[in-house]
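Order as written gives the chain letters A, B, C and D; numbering starts at 1 within each chain.
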Amino acid sequence: MKKQEKGKRYTNRANIWLGMMTKDIMQEMAKTGFNGKRLGEARYIYKKMLEDKNCVKIMSAAGALVAAGMRNIFVKAITNGLVDVFVATGGSILTHDLIEAFGIRHEQGTDKIDDVKLMKKGIDRIHDVLLPNKGYVIVEQELRKILPLLPQERMAPSTFLRHLGKHIKDENSIIRACYEKNVPIFCPSITDSILGFQLWMYSQHHDLRVDSQLDIKEFLDLTWKKKHYGLIVLGGGVPKHFVAGMLPVTGNTLNYAIQITSDVPQFGGLSGATLQEAKSWGKVAPDALITDIICDATIAFPLLISSLL
Amino acid sequence: MKKQEKGKRYTNRANIWLGMMTKDIMQEMAKTGFNGKRLGEARYIYKKMLEDKNCVKIMSAAGALVAAGMRNIFVKAITNGLVDVFVATGGSILTHDLIEAFGIRHEQGTDKIDDVKLMKKGIDRIHDVLLPNKGYVIVEQELRKILPLLPQERMAPSTFLRHLGKHIKDENSIIRACYEKNVPIFCPSITDSILGFQLWMYSQHHDLRVDSQLDIKEFLDLTWKKKHYGLIVLGGGVPKHFVAGMLPVTGNTLNYAIQITSDVPQFGGLSGATLQEAKSWGKVAPDALITDIICDATIAFPLLISSLL
Amino acid sequence: MKKQEKGKRYTNRANIWLGMMTKDIMQEMAKTGFNGKRLGEARYIYKKMLEDKNCVKIMSAAGALVAAGMRNIFVKAITNGLVDVFVATGGSILTHDLIEAFGIRHEQGTDKIDDVKLMKKGIDRIHDVLLPNKGYVIVEQELRKILPLLPQERMAPSTFLRHLGKHIKDENSIIRACYEKNVPIFCPSITDSILGFQLWMYSQHHDLRVDSQLDIKEFLDLTWKKKHYGLIVLGGGVPKHFVAGMLPVTGNTLNYAIQITSDVPQFGGLSGATLQEAKSWGKVAPDALITDIICDATIAFPLLISSLL
Amino acid sequence: MKKQEKGKRYTNRANIWLGMMTKDIMQEMAKTGFNGKRLGEARYIYKKMLEDKNCVKIMSAAGALVAAGMRNIFVKAITNGLVDVFVATGGSILTHDLIEAFGIRHEQGTDKIDDVKLMKKGIDRIHDVLLPNKGYVIVEQELRKILPLLPQERMAPSTFLRHLGKHIKDENSIIRACYEKNVPIFCPSITDSILGFQLWMYSQHHDLRVDSQLDIKEFLDLTWKKKHYGLIVLGGGVPKHFVAGMLPVTGNTLNYAIQITSDVPQFGGLSGATLQEAKSWGKVAPDALITDIICDATIAFPLLISSLL
């Protein structure tokens, strides 16, 4: 991040003012230290990705970000051209998107609550967010209507999700937004979700089935062309690992990378591993523009995206 | 954990002495507060699981625990009957087990090191552990010898891993230990690993292929019988989510659960979600014995297992 | 936070748009979950404090926030009437404010750097912020000019800091801003700082000396009147502990409290202890408006203050 | 830690066995990665300190370790000659030690509890530890008996604590153990504690008063002699900052340092700052033996001390 900082090497120049816009505060944060500085850098790096016409922008998402109310932020990012490829978990991102698409809402709650009572009332807790369990019933009901309309064949999760997107009516759906903007969605761990489970149930008596292994080919096909690649990691997990692991197969590396996570590198897990460490693996280019922000994505993600619109 | 604490309700009775054994210190920790207390409770809960002849003991593992030197601890846990079912990630647990099984060692290093230089030397960094990249080449070479010996058909990851275990010669291998002790290994996210990638490569010209969705049936088959279930979570991720999500499908819940993670619940992600929260989902029984320990598994896991031998 | 949420109980209504201001995004965050929601609540609670004419607004600060570039944010908060009483550590807040006031700047750097080389160059590192060690020399030189101008007597840290503020010329100084706005600064741990050390050195041959114990009387004198009290905690530590511990002595409790910290409650330390826990101690009123945000203050603090100007 | 690792550079040699002692598991952990390795290194470094007859061993403690049941561990460390100088917070360490010394016990509890109800019952919560509030009343009562027996003069906290230790009868008291072993206790932030508050109350009508600034002289007097210095940090805070800040004044630096904390460096605070970073400040010698363990002290501290008896 040398270039950005030229002539601005002092902290304590960061300022605030009345009527400040989110892009302003991101610029000011870039003049500070610690994670504030890194969040400011993230906007700078994302802008570089957007200016680089040769750059494929991949967003990976894990964690209960839809439950926590980030759904519209994803949709805005997708519809505004900030995302070319989306990689997500099947549960917390895609199944929860479907739950909302089919009319069940995640509700603000608290973590100071009796979980056994919640269970008896049919309410699932995700830290301080509450979800009526019937959301999963409705996902099952609606999928049973939609699945017969899809090609009855073995297909990659990404292929399935594109077909599914066609049949989602909710304009605030991430899956639909990706379909409309022709953004492929990869979900290599779809088996580990209610969506994957429903597909398995359906496959007991039908020929439509998803095969995660086919997403490898789909992803490689996207990346055979030598291009620049940029990754925005939200939360880590399988989506981060898959992108960073598959890109080198086609001789590519990440030229830009932004990581927003609540995990830290000191415990050795992938979600907390720094983007710097990924250089040793050849997953990130030696001269890539990178920054890792340790921050709840419910704060950093809307701030970052709103500052780029 | 009421029962355990009866008559020992005061902290500050914890003591230490010369020649103390690991089981002693776990008993003393149970008299304290915070995570020390919880680690002490974990031993008590694990012992209850072992005494309950009707209990299926499931261990889920995510994170770079093999790289960090926990391989022998896993093997000891498996060979000593502490694990009935093993659920793991394809990369950090299974591929790294294969790398070691095929003769490449993870080395002690440091995170204060130039990652670009490492990359040029062909060394991958996992926080302060270093791995020669040729480990992945050798996995490819060895799999190319073993895969033709396996049934050339579509199979679940758990089926594949049982077949693979037969052909691993290293006695310190987790995959081999599971095979020998008839402990099934589930890996619903196998696609997201070099092992999964090599299987995909091989499947381009052969009929052997893994299909993650088939692990759903295999796991459900194991759990149709109404039994007690106990879960030891190491690190969270897909393995935790899969077990806790699939058990309720067969009308079961967890009666015992121990979670060792470095994540916290305040960011809403699954890896940090408390076992208490899982009660709202019906994944954990209302009266289950549970404890969550926030601690690096490289400390808590060997301590726990050694105290139970 | 019931009142705020009425009629807005669903997450996933949070939105972003072009030209969004920081107060807009804080309002949108309040509609989400996890720490984003809590940061949105913080703005709401701070506004309530500002509307409550009977409320004494206390800000406590610990951690290297001045090094990280938050100095102007503090000054804006003070000069805009958001702070009535300031409680700080002697090192990271007050000494670093003096270093900047006397012309030495904290610089943006990196934590990937050789610390022994830095030491040889006379540069101190604070994570990714660098500080020329001569900053401490200049603090000593300047204090030797100012101290003789002050009353040569035993005094509380708060009294000393008020006198000191008169002699600081830098308009961006926190200590000066407090003096000008008549905001008392408490520093019960002033001994543990270079400022405290220089005062001790001076006291070897002069009668001016600070006595931390006298700050108890000064603080109690401020709070004998029955009023409402609001606390904004940045980082925890002694400043948080002192305010929350001393208020009950005069029969008061906190009616409003906002905590921005990177620590979590699971390790039992005070900096991570929830404001909810403080209710058991009688430090926070049963019906107080409270929220704890786990976030780097370099992100949350400028966002919060800018949204309130 | 080069020397220790010679010939043991591979992880995955760590083993466990039946009847394993705590010193065995620490030796095995030293062969792993991440925080397990670091905890193993800590024992090695502590042993080096003990072998170095020229080394002054300083232990700094912050955080609610007495509440969490670590009191006996401290006492064992002190009585076994593992500590030459003790530096602590006035509240969580020293006041809580007095509470126990005067007969009130910290009790095992839970954090899932109604804090307002606790307050009404007179019970203070420290995460999952409960303390009857009358503990503070008894401290007041007992101090009123003891304080008149002490020299009625201005004194350093360390001097006061030595006098106080003489009058504590409880053999499990940290303050008494330090008195008996002639281990000075420094408490530069004594003002921020109930102990400090009671001293202030008493000083309203008596000549006995503590003056934190005098601890500077007492500490410097201890360290004028050029020696080796070793520091064991538990939790960080003022005690860590004071030791590391004052040692360079007398031309000394730390030659050995072990840090056990739950904080991480990425947020820039002192408690999480690495010992490596302290080399840039000249607080830690370039060639010092150092290790930072991120772990709840309720796990790492009893393990470390028990392995050294």
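Assume a residue touches a chain if its C-beta (ideal position, glycine included) is under 8 Å from a C-beta of that chain, and two chains touch if they have at least 3 such contacts.
Being a predicted model, the structure only gives us computed values, none of them experimental.
A.B. asks: Shared interface numbers for chain A and chain C above half of all numbers used, same, or below, different?
C.D. replies: Looking at both copies, the contact residues mostly coincide.
A.B. asks: Name the chain whose C-alpha centroid is most distant from the C-alpha centroid of chain D.
C.D. replies: A
A.B. asks: Using the average of all C-alpha atoms in each chain as its centre, how far is it in Å between chain C and chain D?
C.D. replies: 26
A.B. asks: How many angstrom lie between the centres of chain A and chain C, each centre taken as the mean Cα position?
C.D. replies: Result: the chain centres lie 35 Å from each other.
A.B. asks: Once you find the CA centre of chain A and the CA centre of chain D, what distance in Å lies between them?
C.D. replies: That gives a centre separation of 43 Å.
A.B. asks: Which positions in chain C touch two or more other chains at once?
C.D. replies: 33-35, 64, 67-68, 126-129, 264, 266-268, 276, 294, 296, 298
A.B. asks: List the residues on chain A that touch chain D in their complex, please.
C.D. replies: 33-35, 264, 266-268, 294
A.B. asks: Considering the complex alone, what residue numbers of chain B touch chain D?
C.D. replies: 5, 8-22, 24-25, 28-29, 31-37, 39, 64, 66-73, 76, 100, 105-108, 112, 126-129, 172, 276, 294-296, 298-300, 302-303, 305-306, 309
A.B. asks: In the complex formed with chain A, which residues of chain B make contact?
C.D. replies: Residues of chain B touching chain A: 62-64, 67-68, 91-92, 111, 115-116, 118-119, 123-129, 133, 188-194, 196-197, 199-200, 203, 209-213, 215-217, 235, 237-238, 241-242, 245-246, 249, 262-273, 276-282, 286, 296, 298.
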